[in-house]
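Each of the two complexes below includes chain A, the first together with chain B, the second together with chain C.
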Partner chain A sequence: MSYFAMALAWLFVALALMVAGLGFPAAHLASPDTLVLVHVVCIGWLSVAMCGALFQFVPVLVAKPLFSERWALPALGLLTAGLASLLAGFLGLGGRLPAWLWLLPLGAVLLVGGFGLVVVDLGLTAWLRPVGPARFVLVGLASLCATVAFGAMFAFTHAGWPGSIGETILTSGVPLHAIAGLGGWLTLTAMGVSYRLLSMFMLSPDVEDRKSSMTLAAGALAVAVAVIGGIVAIWLVSGLNVVLSIAAVLGLATAALYGRDLIGIFSGRKRRQLELNTRMAVLSFASLAAAGLLGVVLVLTGAFAAHVGAFTFLAVFGWLSGLVLAKLYKIVAFLTWLETYGPVMGRAPTPRVQDLVAEARASKWFVIYYVAVWFGTLTLVAGQASLFRAAAAMMTVGLAGIVREVIRTRRLADVARSLRFPDGACAPHLLFARA
Partner chain B sequence: MTNQLVDRIRDALRVVIDPELGHNIIDLGFVYEISVIDGAVRIAMTATTPGCPAIRFLEEGVASAAERVPGVRSVDIVMTFDPPWTPSRIEPIVRASLGFAAVN
Partner chain C sequence: MTDYIDVDVRPILRAGGEPFSLIMAALDRLEPGQGLRLYAPFKPVPLFAVMADKGFAHSAQALDAGEWEVLFTPAVTATKQSAPACSTPDFGDWPEPVVRLDNRDLDPPEPMVRILAAAEKLGPGETLSALLRREPVFLFPQLEKRGYHWLGGFSPDGATYELTVRAPL
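Moving on to the complex of A and B:
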């Protein structure tokens, strides 16, 4: 729960920056202000939320307990301190704070420590039974290592430490860092977890191992081609176009195969009525498909480089953030139920998980969020920075509504009074889960 | 006498629900077998998904509910996924209320 609370706090920070007009599109993609915004979103929001979700779900994927429960909180502390240091370093680069560039390598070291704990803890847990979705997590964690390695090298280079090799990698390697992070770490992991969550909540048979292996192989190959091929290309000073084109084709194939797997899960479900979290996840899948389509159109019209920001925005906020928010809504309700009512089962009547939420009320906030993201994408394509700020404000309204619903869930505000506190049940803390 | 005790235990277990499906585990067909020998109860049961975090609470809830039945001296819970649970095990009237697809 602490991970989710921290992640949501960072998402509010990111939206506030966007509403205020800091970073892209008001500033250049490579500007220090944009680096602040990008890292708040990718580390503070998405990575922290993903780590929190994985600490809950990797044990479910492999039906074994976590390697170490105790590492989760120190990891969150290191990630938070590392991100704060990194952001202060970026603000120093941009002249908004004193130019204490040592903050960048310090941030990198702290982030390596935090992500290191996460990778070892989750990796050793998933390694116990590396089948199906757990393999996606393992590839995702390997991609996280590559992302962090690139990032650390960039941070040290900005501080003037690694010399010419670092400068060369920094000049050309940013797309590889982004692909390993957004594609390998966040997207492949989200895909893996979604397979299990969708099957579990819709009572659908698991995707055939052969099919999910094919999807994972395409995704892993896309990331490997981009990262390893990209490093070789930089080494040979041959340009990244060929490598990135091959990786893009493989990325599209991965998205298409994932779509095929999702259709299989939805058509094989035993539970016909879809809960809100699943209906909203469908909008994130649609955003992934739309991002793929937008990417193809931009490449064919020769406008990809000019609109890479719009493509990335749709992938980050429509696909990844949308899926995380939809599943967070369900995960918080489920964890709150386990924490409050699990211990009194068999002793008193208990409510259902669905009794902890009010889906009709929550759905409008999700719709506002998604419409705002799609509108924001259009404003970026059209180059309307001021309208983009309006879209960011609308996203903030949607997010505030979703967070309000999550807080109501934690407070059991929607549970019927007669069932709310059976004898022996304890009220959950807003930010810390006991279960 | 033993059959009556098994029936009382079965009734007592109706207080335990699956948190997701929202119905008691007896109507959902989670309980495969209840046997009693001299007040020692053995319950073989399942859940919808292996690895589900609610399994521990389901086991504890079943043990707790069974222990409260007069005549029960001890309770042994066996959680099994063989055979795996399917919606075909749900009582038909409950299945209809859950909006399930035709069971296959």
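Moving on to the complex of A and C:
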């Protein structure tokens, strides 16, 4: 719960920045302000939320306890401190703070430490039974390592340390850093986790290992081509176009294969009535498909470089953030239910998980959020910076509504009073879950 | 040379039955030094740990059509091994289940609620069996906290998880 709370806090920070017009699209894509915004979103919100979800979920995937429960909190501390230091460094680059450039390498070291703990802890846990979704997590963690390595190199280069090799990689390596992070770490991990969550919530048979490994192989290959091929291309000074085109084709293939697997899960389901988290996840899959389509159209019209911001925005907020929010809504409800009523189950009447949530009310906020994201994407394509700020404000409203629902769930506010605390049950803490 | 008693649990499993008590009964009939030859329609992995705790080494051999022949040989020095999917080493005297639940078509977490509710009604040492779609990973800690023992594993096609729960004595 602490991870989720911290992640949501950073998401609010990101939205506030967008509403205030700091960073892209008001500023250039490579400007320090944009770097602030991008790292708040990708590390503060998405990575922290993903780590929190994986700490809960990887043990479930492999039916083994986490390698070390005790590492989770220090890792969160390191990640938070590292991100704060990194952001301060970026603000220094942009002249908004004194240019203490040593903050960048310091942030990088702290982040390497935090992500290192996460990777070792989750990696050793997933390694025990590397089947199905757990393999997605392992590939995701490997991509995370690549992302962090690039990032650390950039940070040291900004501080002026590694010399000419660092400069070369900084000037052309940014797309590789982004692909490894957004594509490898966040997208592949989210896909892996979604396989199991969707079939669990819809009572659908698991996707055949053969099919999901094909999807994973395509995705892993796309990331590997981008990262390894990219490094070779930078080495040979041959330009990244060929490598990135191959990676893009493989990326599209991954999205298509993933779509095929999802259709399989949906058509094989036993439960006809879909819960809110699944219905909203569908909107995020639609966003992923739309992002793929947008990417293709932009490449064909030769406008990809000009609109890479719109493409990334849709992928980050429609696909990744949307999926995380939809699943968060369900996971918090389930964990809260288990924590509160697990000990008394079978001994006293307990509410159902669905009694902890009010889906009709929550779905309104989700719809506001998604519509705002799609509207925001359009304003970016159209180059309307002020309309984009309106879209960001609307996203903030949607998000605030979703967070309010999650807090109500955590406080058991929607459970009928007579059922709320059977003998022996006690109220969960808002931010800390008891094991 | 060890001689073996044959136990074929394939018909029981095909009929949807629970062969565990039969295997344990056969085990009780063994003379000292005798082993058990088990025919099963799948590799009975959960059983390996149980048998290891009882002092039997196993060697499994795949037959045609995904079936398995497993030799359980009494080891001279029984190696203690922790079981992956069970909470206690002592399964020898588990009685027939008094409750059988088919929770395969229930929405999660209803299967867990039902199993816990039914487990509460068991007398000391009694067992219940349940069929599920998935390995009930969230149920195990709850059973453990209440002092129950369990044994579980997937059926050959991987579609059904069979769980046996025993109340504390």
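The criterion applied here is as follows: the second predicted complex is superposed on the first by the 435 of 435 C-alpha atoms of A that agree within 3 Å, B and C clash if a C-alpha of one lies under 4 Å from a C-alpha of the other, contacts with A are read in each partner's own complex, and residues count from 1 in each chain.
The rule is simple: a residue touches a chain if its C-beta (ideal position, glycine included) is under 8 Å from a C-beta of that chain, and two chains touch if they have at least 3 such contacts.
Values in this document were obtained by computation on a predicted structure and should not be read as measured data.
> With both structures lined up on chain A, is it a clash or a fit for chain B and chain C?
clash
> Is A:R269 touching the first partner chain B, the second partner chain C, both, or neither of them?
first
> Going by the contact rule set out at the top, does A:Q56 touch chain B (first), chain C (second), both, or neither?
After superposing on A, A:Q56 lies in contact with chain B but is clear of chain C.
> Looking at A:S164, would you say it contacts chain B, chain C, both, or neither? Reply first, second, both or neither.
Neither: A:S164 stays clear of chain B and chain C.
> Tell me which touches more residues of chain A here: chain C or chain B.
B
> Looking at the overlay, what does A:A348 touch: chain B (first), chain C (second), both, or neither?
In the superposed model, A:A348 contacts chain B only, not chain C.
> For A:F201, select first, second, both or neither according to whether it touches chain B, chain C, the two together, or no partner.
Both partners, chain B and chain C.
> Touch test for A:N241: chain B only (first), chain C only (second), both, or neither?
neither
> Check whether A:L338 is in contact with chain B, with chain C, with both or with neither, and answer first, second, both or neither.
both
> For chain A, which residues belong to both interfaces, chain B and chain C?
On chain A, the overlap between the chain B and chain C contacts is residues 59-60, 63, 200-201, 203, 270-271, 334, 337-338, 342-343, 345-347, 350, 352-353.
> Of all residues in chain A, which touch chain B in the complex?
Against chain B, the touching part of chain A is residues 56, 59-64, 200-201, 203, 269-273, 334, 337-338, 341-343, 345-350, 352-355, 435.
> Inside the complex, what are the residues of chain B that reach chain A?
Against chain A, the touching part of chain B is residues 13, 15-17, 19-22, 48-54, 56-58, 60-66, 68, 86-87, 98-101, 103.
> Which residues of chain C touch chain A once you look at their complex with the stated criterion?
Counting only chain C, the residues touching chain A are 85, 105, 107-110, 112-113, 116-120, 133-135, 137-138, 142, 145, 159.
> For the complex, which residues does chain A have touching chain C?
59-60, 63, 200-201, 203, 205, 270-271, 334, 337-338, 342-343, 345-347, 350, 352-353
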